[in-house]
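Shared chain: chain A. Partners: chain B in the first complex, chain C in the second.
Let's turn to the complex of A and B:
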């Protein structure tokens, strides 16, 4: 490769003529991608950044002379304003945080579980099971949401099945009550301590932050797990097939049972895949938009409002373009920050000194870092 | 990117794993093994039922009447059998227009993505030019930007360019997908360059080499891009929400979403909504079953970055 790179400099070499014009071709080949990404990604982000600092109301061009620079006003309105904008943003963050907290672990665990089940060498109908688990992933979020609205309607299939079990199903998509509050309610706790109800964060009291996802949001949680587990199952299957048989065999020779082999041998080797699945899950679950747009538009009681939908509705429906853009940028920062945090938590740690010493042959000075 | 583990290696590995474990048990404790096997299959069947049943209910309910859909939401046999939902959808609604719009957008976006992604992927993998690594770094950065964050920004530019509420505004921004470029680049890097080198020595120009030598070899990767683009643009909602507003430009996703929120029907007319959702699923389902093997393999390769 390096020989080829330096080739054009040597005028006499035969490859010089062949490689001439390669720079032009390179730029020409990448030009469509660069132009389209530039126009529809880079420029828009810069424009939106300006809008988030302006008082543009959606009429005319955001660059016309009657649009003013308002500094951080829009960001302040959604984070410290004390008004409806702040409360809505706080509520949206609360809803989405619970969603992420439930969906990411559930989808990761379920997809790993399915992958382990389906990856067995001797399994009849392996293709059938894989297809069944993967199919929900190819359908559109709109179609699945419509289906979910039906399944979880008051007289829907889910409540029907629950009634066979003697359970009186909730009014799913019309029930704004928080799941954690409901659980506390069953043991008689209906109002929180004053310390929690009296103090607020982003316009939402601490007691309401701890309400848990509403029953309506829980239905969306189940939907997310249902639709994404298949995709992640495929990733885990690929990872499982990469694990060498020799390590597993060695573990078996050492007398490890199936449970131990999974936790001590399989799982550590799946770490790269686990990392990918968690990253994709974390990024995806903070972008809940389609389901809310199609299904509930934020209701009931704003308990399915998400930052992504709030950003859209403030701009396109309430004409608060500056606030909508500000919410989008805050959401972007949240996603980037959480991804970095997750990478840091799951980083490859150097082996601890104590551990390393056990394996050392000579001296203790040369330990890991 | 390393190539996907070959089937032989996989099978061999599995034999190594399973050989010593299964062989002795067969003789020692067949009853226990059998019980485990039955439990495993029972579990898998219950899970598969949970995953498939919603779709069966969807299709069944679309043939029910409104009353029977509400009265008996679980059964798979429509009683009475009714095609009223489909009649209404095709004869008395904009549904055919939505379908046509989705088809138009999907075809253009897929063709554009395949062509542009392979061009750029080839350049980034094979051609040596100043600025290549910068372009690549920019692409990786672009992939990290969450799509939902771009809704307002994209609208601003589309509006400014005067292509709001037109096919151009719906198609152009979707034509390029950084992930597709990434996949093509990885693929071209895994192919030995000797064939192209030969064609170059024979005097073919860069585009000629790309078009008649490289692209035909890239069929597996191209199919992957086709699948991803088809699925992506057919299922896209948020971009169309912000790029158009007139009824003639409504796509399936947007139309069905408006159906769901009750803009066409009063009350909970589930049969018609579910019929619309079912028809909308057919093209991606067909695509999925045609390329099933490829899809499973594609994601196997994708994870090994």
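Let's turn to the complex of A and C:
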């Protein structure tokens, strides 16, 4: 969390006069946390990093003399091995990528929508709605998963409701078919072009990469949106309350209607919050594990397998400790890369020439600066 | 400004030093020789993955009785997540001395040096069923003693059977008969035969066709027999007389059978306990699975008593295993929580006590078992993922995929 908020700028020189010695005190006060984080976070991470480059078998210490450095072998096995390990990793990435692609925008949009709703001063029973929307977030994900398994069972409540609408609901958690493939199937496309089916990436054909989330995974997507929107709604509310009323008033005086005020005034000012929400969303969705562990264990048809669960199962169940650690670090790299990308997309841009021109007094010569 | 930078570097240096100290401190803690001297206190720890209170109690009583007899202290612990807790023990160098070990984990554990082979040293090693001994043999060493076992049989709902006008003489003995009775038992809202969508059930048809995933140590997943078996299942799934449990809203075959969504199922000994507990009103008979083109066939499931290589009390642990796999104990376990004795000397007494379940024990003579090679569990998981879509899939291409996965792990 601390890494996500940008570090405050240092004010002046700390070595001057009355502020002397503050640094030592600072280190002293932060030492307990640093030590605890070091022992329980940094050291295990470094150990796992070593395991991902070693042939440790899970017996005794990873630092004992009979554990050897094997270079990138473990990484190669899951990315270029050509075997089951590679295909499983490709499948897991495919599943999780679709999950992220759906969950992050949906939960961000929904939480922003809810935040705007409950932030309105005129709303009666605001406290009630805030609590109600936030409630799924404080419930344990295991409990929610079990609830979801019941709701989305073949003869469950969701299918019952769908049947009132004349829809024959799918066999949610047992349906491995991809949603995109199913949609294409309704227009008669059941097999992909040879260019897609014949070529593979990470052992999974491009056609299968494009399969979309399976019906089972879609149920998890709905669950993630349901459970996390409340948390992010809270962040957005905090952001909304930081927006001064005077800015809104000025916008109103300029004749902006509600829709314009939201897009032109509110949303740009929410950008820091939006960045936090998107980053937390990205990290959380790429690490999805407990729902899979308690719910489906990767089934049906491996379509809810995720890298985090695959990492666990290759280490603890298949005794491939190096590969499990390697998967975890590939996942880490993916998350970091996507966060950097997103930071770049949401960076503060200088005002574009086109827009700047609108504010220029006619007659001065062309350049924007 | 320069002073400020110097101080920052000083701070960073201090942090690094602390980190390095922490690391080395940890390093010395991990510096064990792997001999497990720590657990050499003369007591045994036993870790089990229990199916419920009945099993826990039975094992605890048996171990306590042995402790009293031998004078060696022994503690039974029940694991919430057996593979994970075992992994922690192995990594820390202090695993439990004895533990339940599944055959799919056997080869991986043996390869990593977690477990000590002790089967050949047992006094009663010739008493175990040969197929079970084979199940726990890796590279020619009989690693661990099978603690009990189960086989799959055909479970028939006798009320639905009679309602469809069928008699005992109609109990299917061939694939054709099975298909035709399943057809007769299929009505609106009820299928003839339901089972889980996994190799652990469909494998019986592969065995009956004369196939199997491994033959004499070679991968034979894509043999014509196996294709025929999957084709038989696919055909009957398509005409609606067979169904996968999940497709009719049940978690497993036993649930589909108990709720009478299916008139027959293929399950093992454990179903008797589940039916008694959850569906006491369902009357059923247990029959041997029908013969296929290759004769009789079923699958067996078993666990063994794994002995940690790091255990300091291997002698005592072996003595405890001999006690737990003795005739009397095996019969007591069977009575307490259902599985069949893994030793032949208890067969007669067991059949006498469970005349209705003799079809399960009959299966021991011709049962196959899932491959126990290292990595086989992943291959089977992948196979199962494709079996789920067998209805729309092509048996030949599914099995070709399994074959290539299997060839990759066959030594």
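Keep in mind that, in the parts below, the second predicted complex is superposed on the first by the 324 of 369 C-alpha atoms of A that agree within 3 Å, B and C clash if a C-alpha of one lies under 4 Å from a C-alpha of the other, contacts with A are read in each partner's own complex, and residues count from 1 in each chain.
Here is the rule we go by: contacts are C-beta pairs under 8 Å (C-beta built on N, C-alpha and C of every residue); 3 or more make two chains touch, one makes a residue touch a chain.
What you see is a predicted model; the values in this text were computed from it and never measured.
In the superposed model, A:238 makes contact with chain B only, not with chain C.
With both structures placed on the common chain, the touch criterion links A:140 to chain B but leaves chain C unconnected. In the superposition on chain A, no contact is made by A:275 with either chain B or chain C. When the two complexes are overlaid on their common chain A, residue A:262 makes contact with neither chain B nor chain C.
In the superposition on chain A, A:62 makes contact with both chain B and chain C. In the superposed model, A:206 makes contact with neither chain B nor chain C.
With both structures placed on the common chain, the touch criterion links A:317 to chain C but leaves chain B unconnected. In the superposed three-chain model, the partner touching more residues of chain A is B, compared with the other of chain B and chain C.
With both structures placed on the common chain, the touch criterion links A:155 to chain B and to chain C. Shared contact residues of chain A with chain B and chain C: 23, 27, 34, 39, 43, 61-62, 153, 155, 315-316. Listing the residues of chain A that touch chain C in their complex gives 13-15, 23, 27, 31, 34-35, 38-39, 42-43, 46, 57-64, 83-85, 87-88, 153-155, 171, 174, 176-177, 298-302, 315-319.
Contacts from chain A toward chain B in the complex involve residues 4-5, 18-19, 21-27, 29-30, 32-34, 36-37, 39-41, 43-45, 47-48, 51, 61-62, 114, 117-118, 120-124, 128-136, 138-147, 149-151, 153, 155-157, 160-161, 226, 230-231, 234-235, 237-239, 241-246, 248-249, 252, 272-273, 276, 283, 286-287, 289-290, 293-295, 297, 308, 311-312, 315-316, 321, 324-325, 328-329, 331-332, 335-336.
If you check the complex, the residues on chain B that touch chain A are 4-5, 10-18, 20-22, 40-41, 43-44, 47-48, 51-52, 54-55, 57-58, 61, 69-71, 73-74, 116-117, 119-120, 122-124, 127-132, 135, 138-139, 142, 144-157, 160-161, 172-173, 175-176, 178, 181, 200-201, 205-207, 210, 231, 234-235, 237-238, 241-242, 252-253, 256-257, 259-261, 268, 270, 273-274, 276-278, 280-281, 284-285, 287-288, 292, 295-296, 299-305. Interface residues of chain C facing chain A in the complex, by the touch rule stated above, are 1, 3-4, 7, 11, 14-15, 18-19, 22-23, 26-27, 30-32, 34, 83-84, 87, 90-91, 93, 105, 108-109, 111-114, 246-249, 309-310, 374-375, 377-379, 381-382, 384-386, 388-389, 405, 408.
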